[in-house]
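Structures for review follow.
You will see chain A twice below: alongside chain B first, and alongside chain C after that.
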Partner chain A sequence: MNALEIRGLTRSFPGFTLGPLDLNLPGGCILGLVGQNGAGKSTTIRLILNSLRRDGGSIRVLGLDNQDAAFTQLKNDIGVVLDTANFPETLTLKHIAALMRGSYTRWDEARFNELVQRFGLPENKKFRDFSRGMQQKLAIACALSHQARLLILDEATAGLDPLVRDEILDLFREFVADEEHSILISSHISSDLEKICDYIACLHQGKLLFTAEKDALLEDLALWQGSAEQLEELADEAIVAVQQQPYGVTALVKRAEMPAGAQLEKPRLDDVFLFVVKQQGKGACGK
Partner chain B sequence: MEIIIRNSSDQPIYMQICEQVKSQIISGALAAGTMLPSIRSLARDLRISVITTKRAYDELEAEGFICTVPGKGCFVAEQDLKLAQEANLRRMEEHLQQAAALAKGCGVGKEELLAMFGLLLEEE
Partner chain C sequence: MKALVMKDLHVLRATLKYYLFLIMVFTLAMRSAGSIFIILYTAMLPYTALAYDERAHFELQATAMPYSWRDLVLSKYILGWLGVIVSLPISIAIALLCQYLGWGPFYIEQQLSALFSGVMLLAVCLPVMFRKGVEVGRVLNILMVLVVCTVAMMMFALLGEIIGNAVLLWLVVAAFAAAVSVASVKLSEKWYKKRIME
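Then we have the complex of A and B:
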């Protein structure tokens, strides 16, 4: 079953239109949303949570239409972490736990305490005195403590140092070790997405540029460098995107279409993203 | 079982897993009947995608190196060493074909290629 199924989703604002968007998150997998600021990542996530009404299309979350009356109850099954944690300012951990116990039917206090300890969150500080990193960690601890089946994370690791981010990525990996569990994650930090995602969806100006299985994407594509003349000799179908540089050309190419013996480098997700988005700006077709 | 994933390698990750598991089966380090970790736990421990891990297991199963018992897990299959040897021969042939194609592409003749191969063998 798909944990998320988005069909023909549209939403218009003055000066910005999202969609039409089609997106699947297969159960048991991690789907990463990449895109520039304003590409529509957060809008998509708010539409999924139905905190923003869609203009058209359909969204099914864990099999249920998100405008169905029963969706409110389904929120027990969804753990959400947005880019800024939002808890009442004067509360301490104990009070926040009590609040969560009242909000979620399957609140798991033991799990929460374990995560709070693992993250080293202070027991007696008020929420407003938490550092930004601590606030994010608290939000993640809450999202992981009510036996959710789907995590929706919008820039959840932003503002955290590399060590903590790594620890949190491990928690996410543990989460999907259960094949009933899935994660939708948006992030600017494409190295994080590269580390944990099974699928990548790239948004640009409200449109989906591509969705792909991450490992296959990075293995099928390659970076090639050479002179402008050498580029001419390459088959057209081999070239995905080109960047001119002062002393040569770098191209994103399809590995399988390249002649044997060509010097190729494995791209990072960042490279693919930059090449495809810049190529889009030039009006040529991407992958 | 030991598996080392190199992100910088040109070889796809699923293939790296396949090759390493295969060579451990052929060398006897992984005996027939040994239970392999589940796809999900291997993916978690290697910090790689579930899809890629599944692809590696599918490949290994298709080639007869492992077998899946529904509800129980994946196990190293009873190996026919002749078959494994056959597979190795096939791979050698593939590599040699690649070398031959490369040689042809840059005008290296048969004599030169054979001499090069001879030298390589002597070095070992």
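Then we have the complex of A and C:
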């Protein structure tokens, strides 16, 4: 079963239109949502949570339409971390734990305490005195402590140092070890997405530029460098996107269409994202 | 929903000392009549809780949790109703103390009128706060304190003449407050949902 199915989703604001958007998140997988600021990632997440009105399309979360009355209770199965943790400033960790305990039917106090200890979060400090990293860690601890089946993470690792980020990515990997668990994660930090995602969806100015299986995407594509004359000799179907450099050109190419012996480099997700966004090459490398 | 009310009580703990200070000031300044302000002030507790929520954008967190729109708005009403109910005996005790000290007579009607006004203030102001935000709502609240209290006094005088029986009068008033509160919760739910989802 797909953990998430989005079909023809649209939402318009003055000066910005999201969609139409089609996305699938298969059960047991991690889907990374990558895109610039204002691309529509947070809007998509709020639409999934039904905390924003949609203009058209449909969203099914864990098999249920998110406008169904039962969706409120289904939120027990969804762990959410937003780009900023949104708790009133005078609350302490104990108060937030009490709020969560009283809100989620399957709140796991032992798991929460374990994560709080692991993250080194202070018990009696007020939330306003937490650093941004601490606030995010607390939000992640909450999301992982009510036996959710789906995690929705909006820039969850932003503001965390690389060591902690790595530790948290391990927690996310552990989470999807259970095939009934899935994660939708949006992030600017494409190295994080590259480490943990099974699928990548790229949003740009509200439109889905591509969605692809990450490993296949990075294996099928390659970076090629050469002169403008050498580029002319390449087959058109091999070239996905081109960037002019001071001493030649760099191109994102389809490995299978390149001549034998061509010097190719494996791209990073960042490279693919930058090339595709700059080229606006919708459909060039996706399915 | 109990967890949401408890959350608000934790949030408000820091401001409760200011409430105690205001109670003392009003009691000393206005003697017996000042005790009714305790009830009217506690009716404003949900506005402060809502202001903390707004500052933290708690609505983004809350709408990701297993709460309906009704739960989210009703928790604020319950906080306000709890406030006025708990403050009623305190207000009566202070008024009785004032009477004992010779600072003025005690009339239970005064306290019951304040209770009714507190409930009505919540019913009138909370929908506006959920629709327009706390800042706009607070301005309205200042105006509504005068309007609601004046209308309440006129209503009691008029109904007192028509009904005659004091017990029956208070039952009619309680039924009216309950009906207005139910309508107010429904309106708050509709307006809050509209504000957040747009």
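By our rule, the second predicted complex is superposed on the first by the 280 of 287 C-alpha atoms of A that agree within 3 Å, B and C clash if a C-alpha of one lies under 4 Å from a C-alpha of the other, contacts with A are read in each partner's own complex, and residues count from 1 in each chain.
In this section, contacts are C-beta pairs under 8 Å (C-beta built on N, C-alpha and C of every residue); 3 or more make two chains touch, one makes a residue touch a chain.
What you see is a predicted model, and the numbers here were worked out from it, not measured in a lab.
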Task: Clash or fit, chain B versus chain C on superposed chain A - done: fit
Open item on the list: In the overlaid three-chain picture, which partner chain does A:A228 touch, first (chain B) or second (chain C), both, or neither?
Closed with: neither
- [ ] Using the touch definition from the top, say if A:F87 reaches chain B (first), chain C (second), both or neither.
- [x] second
Open item on the list: By the touch definition at the top of the document, which applies to A:E219: first (chain B), second (chain C), both, or neither?
Closed with: first
Task: Partner chain(s) touched by A:I78 [first = chain B, second = chain C, both, neither] - done: second
Open item on the list: For A:L264 in the superposed arrangement: first (chain B), second (chain C), both or neither?
Closed with: first
TODO: Could you tell me if A:C29 is touching chain B, chain C, both of them or neither one (first, second, both, neither)?
DONE: first
Task: Arrangement angle, chain B at one end, chain C at the other, chain A at the vertex (C-alpha, nearest 10°) - done: 150
TODO: Scan A:M1 for contacts with chain B and chain C and give back first, second, both or neither.
DONE: neither
Open item on the list: Between chain B and chain C, whom does A:A256 touch in the aligned arrangement: first, second, both, or neither?
Closed with: neither
Task: Of chain B and chain C, the chain that contacts the larger number of chain A residues - done: C
Task: chain B and chain C, minimum CA distance [Å, superposed model] - done: 28
Task: Residue numbers on chain A that touch chain C, as the complex places them - done: 46, 49-53, 72-76, 78, 80, 82, 84-92, 95, 98-105, 152
Task: Sites on chain B touched by chain A in the complex - done: 7-10, 12-14, 40-41, 43-44, 47-52, 98, 101-102, 105-106
Task: chain C to chain A touching residues, read off their complex - done: 2-4, 6-7, 10-11, 13-14, 52-53, 55-61, 63-68, 196-198
Task: For the chain A and chain B complex, residues of the former touching the latter - done: 28-30, 170, 173-174, 176-179, 195-199, 213-215, 219, 259-261, 264, 266
